[in-house]
Amino acid sequence: MEGLLLFAVSLLSLGAIYAILCLALNLEAGGAGLWDLGIVSFFGIGAYTYALLTAPAAEPHQNYLLGLGLSPVVGLAGAAVTGAITALLIGLPTLRLKREYFLITTLAFAEVLRQVFANEDWLTNGVAGIYGLEQPFRDVLTPSTLPYAFLVIILASLAIVYWLVAKVSGDGFGRALKALRENEPLAMTAGIYPFSHYLRVFMLAGALSGVAGAYYVWYNTLVVPGQFSSNVTFFVWTALIIGGLGNNRGALVGGFLFVVMHDALRFIQASSDMALFLSSLRTVMIGAALILILRFRPSGLLPERPARIAVGGR
Amino acid sequence: MLTVRSVLKSFGGVRAVRNVSIEVEAGRIIGLIGTNGAGKTTLFNVVSGLLPADSGTISFLGRDITRSRADRSSALGMVRTFQTPVGFPQMTVMENMLVFDRHDSAGLLAPLLALAPPRPKPATVARAVTVLERFGLAAKRDLWVQDLSAPELKMLEFARAVMADPKIMLLDEPAAGVNPAVLDQLIETIEDLRRQGMTFLIVDHNLKFMCGICDYIYAMADGELIAQGTPGEVVANQAVLDCYIGRRPKAQH
Amino acid sequence: MDIVIYGLISGSVILMASIGFSMTLKAEGFINIAHGQMLLVGAYLGLLFTSLGIPFLLALVLVVICGGVLGVFIFQAFFAPIKARGTLALLFTSVGLAYVMYGLVGMFAGKRMLAYDLPPVRAYVIDDTPIMTIYEIAIVAAAILSALGIHLFLSRTWLGKSIRAVADNIDLARIRGFDPRHSSNVVWFVASGLAALAGVFLGVLGSLHLQMGWQQSVIILAATVLGGLGSIYGVMLAAVVLGFGMEIGILFLPTSYRTAIAFAIIIVVLCLKPDGLQSLWGGAKARRF
């Protein structure tokens, strides 16, 4: 029973992390029509930033930069900041490109970044990654309560992110983004300058994804370049499409769905051959789900709905 | 108010607009006629900032907007409609209107730091409803634009332009594909607005409509101006008649 | 001298893999992520056929035919019905298909290290320097033949011209009597068949593993972008340039950066000259984007 509860807590925590990612993607893709195929860049940068800021100084057999041993809060803030900065750097040259080009370039950046993580040993300890990162609050709480504490923290953070995203995608700014998504030239004739709007939402999405990355490290107690391949990007997109692109609650559903698709099988013990077979089967099923949703319910499980604006007194 | 001087625009080898100059004085309704492919819409796109001119100057309210993008000229008070009304399909009619409110706040910091999701100002919403009622769209304000019928879309083009409270309206083929009753309503609205001081630059190829409403008309063919003058003068012009062979415009006063 | 040889071989494989991608992009207007997985399928199908005792050359032909038929099937069953839904839906359907193909191959082929069981050969030698083995020569020859074949097909045959007409303006093409559906089937057959063939060649060259589809997708994307999205001649040139570029690149950077070079090329080209190499001869006038 205890084991099952811990398993559920673990899945929920992971689901919340991915839900943050889905919300970030929904903000830029669902809200502004940015087909960002490189969201894993910010996820990865956030994760490594958190690791490099909070890890103790590198042991002799390891090799990475910084290792300042700072508090987790600083780590989280740092992850948000580097996420936003990365978005700025990537966005400046790419946000002026048309959709298909933007899509390809963001994918390209994500892959280059991953290879940098893997190859630049002096920075990130290379392919081996950084292990043994202590979970926060270790000295304050007993080991058995740590997972629950983490769940509470991550759910609270998810709520905060949801609140932020809801505010931003509402009136004024959110409406301008939607207008750009729907009809860019027309939006321009309404006085909306595309690039500045895109850049701001891109940076916000980058910051949020960075925070998700930091929590990911917290959860795993390690960072490894292999965790940040474009598979993550495609899976988050898949989760969001199935959950409902353009709908924040759809993003939530998508996030938890992602965990069910991606990690639930993690916990099943199986022989190596069987594991590969199951993993491949899982991939087939995810692909099939994506195809079916796009064919028969393209707006997702929770589609975007018309925004009703209250008219005072009528 | 709006001066277009010697504008040239080419696409590849095709010269869509050749050395066209137009003057629009405040409070007047200026028309631009020509058959399909004469370059009218291209000129419109250049003037409204969606396409850059190859050469020439455009000044609006004394400011040079030749190099300006559409968002800048709209901030100065220019609004335009589109020939094929599309609007913002997956946004409600009301949202379509609110986007065109020139005082619509678009900052990121304010909503980010606010306590609750921001709401549009009640006064703005009320004004939008009033304008929508004028065009018979108030009942559909919470529907997505993609669910509207074609005439309703056309009305919405106009309603949005009015909502923007502009200094000048550029209307692109307002009479195209519109039934006579709706056309009459449009004409009435244009005259209403003119009485309130609005300036218009209208492009259309419906001669009867244009002659009935414009103070001054420019005629284009193959990218060039072939005639200009009052409706009576233009309609009697040989070059114009040659373009419209087979179409005999009714005598206008 | 090694660089020239490896560059040529590399470029040849990239060319065969990318031409099809470029063709479907031009004809249908969307990015088909599943194209890369066609190489994977082709490679493993070839393995299956040869392991059944079918002679290599015949297996090659079979792979091309199977790949082509599979491509047409995929198009008709999955892409054609949702064409009206827009490029995002098509793109992610292709992502879903890529997952399905990748997963199916994984399920049936398993993790075992597999390789083509071909008789070992010595390279031909000129002046004491080994040049290429017969297989490598065959690869280069196949690439040249396919490039030529496609060129002739597009410019000389009625069907080829109709494909170009359809890509440029579907309504105009219909008026002139070209049937978009037929053009599409042929495009998909050729594109997928070539990709499957390229997959077999990759397998022969030694890189036969489950990730090959994803790895090649990147390179295909790079070649297509470099040549100019939707330009078939552009992608031919780009494939060769990329092949050499990557080989030269690893002289200066660690080998693990090989695909990063491809990506970096994508970024640089798209940001500086979005039309790619085809702008050298004034292409990209009738883009569908």
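Details
Chains: A, B and C, in written order; residue numbering restarts at 1 for each.
Following the convention adopted for this analysis, contacts are C-beta pairs under 8 Å (C-beta built on N, C-alpha and C of every residue); 3 or more make two chains touch, one makes a residue touch a chain.
Every value quoted in this text rests on a predicted model; they were computed, and no experiment measured them.
Path length between subunit B and subunit C in the touching-chain graph (shortest route): 2.
With every chain reduced to the mean of its CA atoms, the largest distance from subunit B is reached by C. Centrality by C-alpha centroid: the chain sitting nearest the overall protein C-alpha mean is A. A straight line joining the Cα centres of subunit B and subunit C is 47 Å long. Centre to centre, using the average C-alpha position, subunit A and subunit C are separated by 31 Å. Taking each chain's centre as the mean of its C-alpha atoms, subunit A lies 43 Å from subunit B.
Of all residues in subunit B, those touching subunit A in their complex are 48-50, 69-71, 74-75, 79-80, 82, 86-92, 94-95, 98-100, 102, 104-108, 110-112, 114, 116-120, 122, 125-126, 129, 141-144, 164. By the touch criterion given at the top, residues 31, 78, 81-82, 85, 87-89, 91-93, 95-107, 110-111, 218, 221-222, 225, 229, 254, 256-257, 259-260, 263-264, 266-267, 270-271, 274, 289 of subunit C touch subunit A in their complex. Across the complex, subunit A meets subunit C through its residues 35, 93-94, 97-101, 103-105, 107-109, 111-112, 115-116, 118-119, 234, 237-238, 241, 272-273, 276-277, 279-291, 294-295, 298.
Against subunit B, the residues of subunit A that register as touching in their complex are 164, 166-168, 170-176, 178-179, 182-183, 185-193, 197, 200-201, 204, 246, 304, 306-312, 314.
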